[in-house]
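Presented sequentially are two complexes of subunit A, the first with subunit B as partner and the second with subunit C.
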Partner chain A sequence: MTLVATQAPAREAMSVEKKARFLQVGLLVFGLAFWEMAMRTGLMAYLVPNPGFWFSSPSAIATLIWKLAVNGQLWNHVWLTFSATLIGLGLGAVIGILLGVLMAQSTRLETLFDPIWSALNALPKVALAPAFAASFGIGIASKSALAVAIVVFVFLFNTTAGLRAINPTLICNLKLMGASRLQILRMAMLPSLVRWLYGALRISLGLALTAVVVGEFVAARGGIGFIIQYGFGMFNVTWCYAGIVLLGIIALATDAAMRIGEYYLTRWERS
Partner chain B sequence: MSTTTLASITPARKRGMPASVKIAFERTLIVLAILLVWQVCVWTGIASAQKVSSPILVAGRLVEIFGSGMIWPHLFDTLGATLIALALSAVIGTALGIIISANRLVEATLEPLFVAIQGIPRVAFGPMIVLFLGVGMTAKVFLAVSIAAFVFMGNTQQGLKKVDPGVMRNLRLMGASRRQIMKMAIIPSLAPWLWSALDLSLGLAMIGVIIAEFISSTRGLGHLISAASLGFDTTGVITLLIVMMIASIAFRSILIRLRRRVFPWF
Partner chain C sequence: MTNPLISAAGITIAYPNGLTALKDFTLDVAQGEFVGIVGPSGCGKTTFLDAVAGLMPVAGGRLTYKGKPISGINTGEVGYLFQKDSLMPWRTAAQNVYAALELRKVPQAEWRQRAQDILQKVGLGRFTDKYPAQLSGGMRRRVQLAVLLAFDPPVILMDEPFGALDAQTRTIIEDDFLRLWEQNRKTVLFVTHDLEEAICLCDKVVILTAHPGTRKQVLEVPLQRPRTIDEAKFDPEFPQTLKTLSTSLRAEVGRTLAL
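Up next is the complex of A and B:
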């Protein structure tokens, strides 16, 4: 009896997970099929005039993406957005970490500059997008710069928090053994930072992508934000939907890559 | 006796200012120094006022836009949209969080969907939203809600998971009604989570509103910034950024003050 009682909930939980998987696939297929059928049969036309203009259709979106992929434009757009995001992320990370390490060198420095960082962080940085477009041009530089402006603060705050979280005894011991500033940085601070920096990286990835897309909305000659804005400007929503789908694929793929990376990086903690 | 102690204390106090005053003083000095370097660069011609503006120009513009009152309708438009979006997000997000948490199957089914939606930068939907809802308040609020509501939803789910099961059991054992359990266990445990959601989504909602204003609008701070940069009016851009910064800091400090009033225990 006890065996049954303990096993039953486990089996039920399993089946809930499984049921959820089935429901997910079912909902997705049903949703897409319903969308397509509603557009094909003209069912939507009873609800709104000219539904194709508003809702496009899954087949139209897929066809457009396929067409762009075949004529090679797609890779150009994806690459523009992706490279701008990576450049912004990389530069922002380097600047943010350097600033964070600098601030951690003395409490005086930290208290002095703290309100300046908070004030700058309070600024909605996407508001800089048109200004950056005006001063850095409509190329990749203005998008990367916007990403940097956002990402820097995530890394700055995470670096200072990570450095503060270091066990002070460790630093005392190192000092006692006559370690230099550089040695303390290398032996105590950097290893402890890794986890915090990884957290910062995961947060900033989405933020950098958002920044680049906003930059492309404001002024661009290419990129996924440009595809969406182009569809908006031409009143052709298929382009908008295609851009959203592409962006979703990029976001989910990079997030999955980060998760896998985290799994391997933190393996030593679990074993 | 007392005079001697006083005498021995006062000089020590006089020698240095109180630490907090000193820090504030030094911080002000740093800000002034930065402004001075900026201004001197412009005066000496190292940087042209056309490109980087100058503190004096910005101060003049600040006085101008507030003096003439032209900024107020735009400021109220943006802040109003942000506040409405926050309120709607709180209601919709919390309700969604409660509904999803109520059923294990619903939660397991919809969780990946919400993760996927949150993974896509929501600003991507901006142009679509403007196309559907037109240029104006509705589109701004909708975009902001599409960003901020998820914060409330996620935090509500977390908060409901963190309700102490021991307290729940004891309450049930003592024959508490549904409403009593709600009042005594669930709401107190949820409150800090909702508050942190409010704190997080404040900035996000404002960003959503401003992006919607970039995409297409006739009013609001985002519209003004967009117009100023199209005209290469650096002074205007910087002035508006400062207005935004002050608005967002003021918003946040009001929130923190409110929290101390409403929830003095955290």
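Up next is the complex of A and C:
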């Protein structure tokens, strides 16, 4: 009985999801086809002279990416951006979580630092890009540092909020059973933070990628931001769009990897 | 009483907001006694349990455990079945029991078997690997009972532990608890609003006055042990005991409403 009752809607939901996927791919293909046709048929030429210069085209973008992939330059650029983003995310997460756990240890500490974190968080950190390039050089250190400066606050705030949301009865019970601070941290605090930290991680991914690209705009020898900036400098928008496509692929792939991790770590939430 | 396990002598407890919860409350609990605490809402029943657990400081009077004043959390000595859920939702039933075993320093190699045995005892043998979200309210209570059994404290504090369950589930879990209790007769302080439940389970029932709570009466329950819930309810002594208890409590509830 229950088996039938639980399986039927699941199958239905999957088919809805499948339909949505088809529609999504269809829309994408339609959009790209429209763009390509508009450029090829000269439709755009009625509106602006030399439309390829202003708008490029899907085929030109794909050709450029293919060319860069074949001559090997692509991997270097993607790797620079990807690694700087991951390092920024990782360091920012570790520092943010540590600060959050520290702040949760005493109300006094939290009251003291709260306005400081709020002020720093409100500051537009990308404005630091030139200063960071000056202090940390034009390698990935300055890009990662910029990402850290942004995402650290996301993790800090989510950690504090997550620790506040822990069921106090559970903590009381562990204390009564003689759990030490470290045991409470391991048994109750960190596991209940998982959901909050995944929220922070997914928000931070986009922010970290933005920080790295801005950092590469300002000063770099490579990376996807560099490709975009190079295209702009050479009056060749195809390079700019190629960079954006690559960023999209990186963001989608990383987000998908995160979702898989989240699915396995929060199995207990599903009944 | 000679050498009570828990002794409250004229204790006063204030909430953090300054309001008095309990006033001049006196009660001795002997080792192995099953004591019910009833009283109108807000009379400080839960506060008394919190004080015994050391979660709430005593403002006046003397509250002792094994002759020593309770100051700070009464670690390792009391198990508390809270009114609210105290399970770790990210751990399965068995893993929740593991926590108690780990804190009792049981070797890790024995966890699986011990948890399996204990969950079997509370009737959850087939649900060891389910997460709390996959269990019903009654089953979650049973897991919490299993955690208590694994922790195995000398004193068990219970704050309306079965209040949220439906009548049938409740009778069954109460019977199971009585059966388990008979095996080693721990000291139990049992807060409830349900007078029938209090009579069925307890050796004596303390009635508290309306806010601020103080002791009004202590009623000995004249029923034999071991007993089941049904045996208690159909005992010829039951109606009179219930009537006495009910009359006494009704007067206090009336005073609460008059305020």
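One rule holds in what follows: the second predicted complex is superposed on the first by the 239 of 271 C-alpha atoms of A that agree within 3 Å, B and C clash if a C-alpha of one lies under 4 Å from a C-alpha of the other, contacts with A are read in each partner's own complex, and residues count from 1 in each chain.
Just so we're on the same page, a residue touches a chain if its C-beta (ideal position, glycine included) is under 8 Å from a C-beta of that chain, and two chains touch if they have at least 3 such contacts.
These figures come from a predicted structure and were not determined experimentally.
Q: State whether subunit B and subunit C clash or fit side by side on subunit A once the two structures are superposed.
A: fit
Q: Could you say whether A:Ala84 touches subunit B, subunit C, both of them, or neither, answering first, second, both or neither?
A: Neither partner.
Q: In the overlaid three-chain picture, which partner chain does A:Ile61 touch, first (subunit B) or second (subunit C), both, or neither?
A: Neither subunit B nor subunit C is touched by A:Ile61.
Q: Identify the partner contact of A:Cys240: answer first if only subunit B is touched, second if only subunit C is, both if each is, neither if none is.
A: first
Q: Once chain A of both complexes is superposed, is A:Ala188 in touch with subunit B (first), subunit C (second), both, or neither?
A: So A:Ala188 only meets subunit C here.
Q: Pick one for A:Thr210: touches subunit B only (first), subunit C only (second), both, or neither.
A: In the superposition, A:Thr210 contacts subunit B only.
Q: Which of the two partners, first being subunit B and second being subunit C, lies in contact with A:Leu156: first, second, both, or neither?
A: neither
Q: So in the superposed three-chain picture, is A:Leu74 touching just subunit B, just subunit C, both, or none of them (first/second/both/neither)?
A: A:Leu74 sits against neither subunit B nor subunit C.
Q: Using the touch criterion from the header, give the chain among subunit B and subunit C with more contacted residues in subunit A.
A: Touched residues of subunit A are more numerous for B.
Q: With the two complexes superposed on chain A, say which partner A:Ala134 touches: subunit B (first), subunit C (second), both, or neither.
A: first
Q: Should A:Lys175 be classified as contacting the first partner (subunit B), the second (subunit C), both, or neither?
A: Second partner only.
Q: For the superposed model, what is the least distance in angstrom between any CA atom of subunit B and any CA atom of subunit C?
A: Across the overlay, subunit B reaches subunit C at a minimum of 16 Å between C-alpha atoms.
Q: Going by the contact rule set out above, which residues of subunit C touch subunit A in the complex?
A: Residues in contact with subunit A: 53, 55, 73-76, 78-80, 82, 84-92, 99-100, 102-104, 131-134, 147, 151.
Q: If we count contacts the way the header does, which residues on subunit B are in touch with subunit A in the complex?
A: Those in contact with subunit A are residues 23, 26-27, 30-31, 51, 104-105, 108-109, 112-113, 116, 119-128, 130-132, 203, 206-207, 210-211, 214-215, 221-222, 225-226, 228-230, 232, 234, 237, 240-241, 244-245, 248-249, 252.
Q: Which positions of subunit A touch subunit B when the two form their complex?
A: Subunit A reaches subunit B through residues 16-17, 19-20, 23-24, 27, 54, 111-113, 115-116, 119-120, 122-124, 126-131, 133-135, 206, 209-210, 213-214, 217-218, 224-225, 228-229, 231-232, 235, 237, 240-241, 243-244, 247-248, 251-252, 255.
Q: For subunit A, which residues are in contact with subunit C within the complex?
A: The touching residues are 167, 169-170, 172-179, 183, 187-188, 191-192, 194, 267-271.
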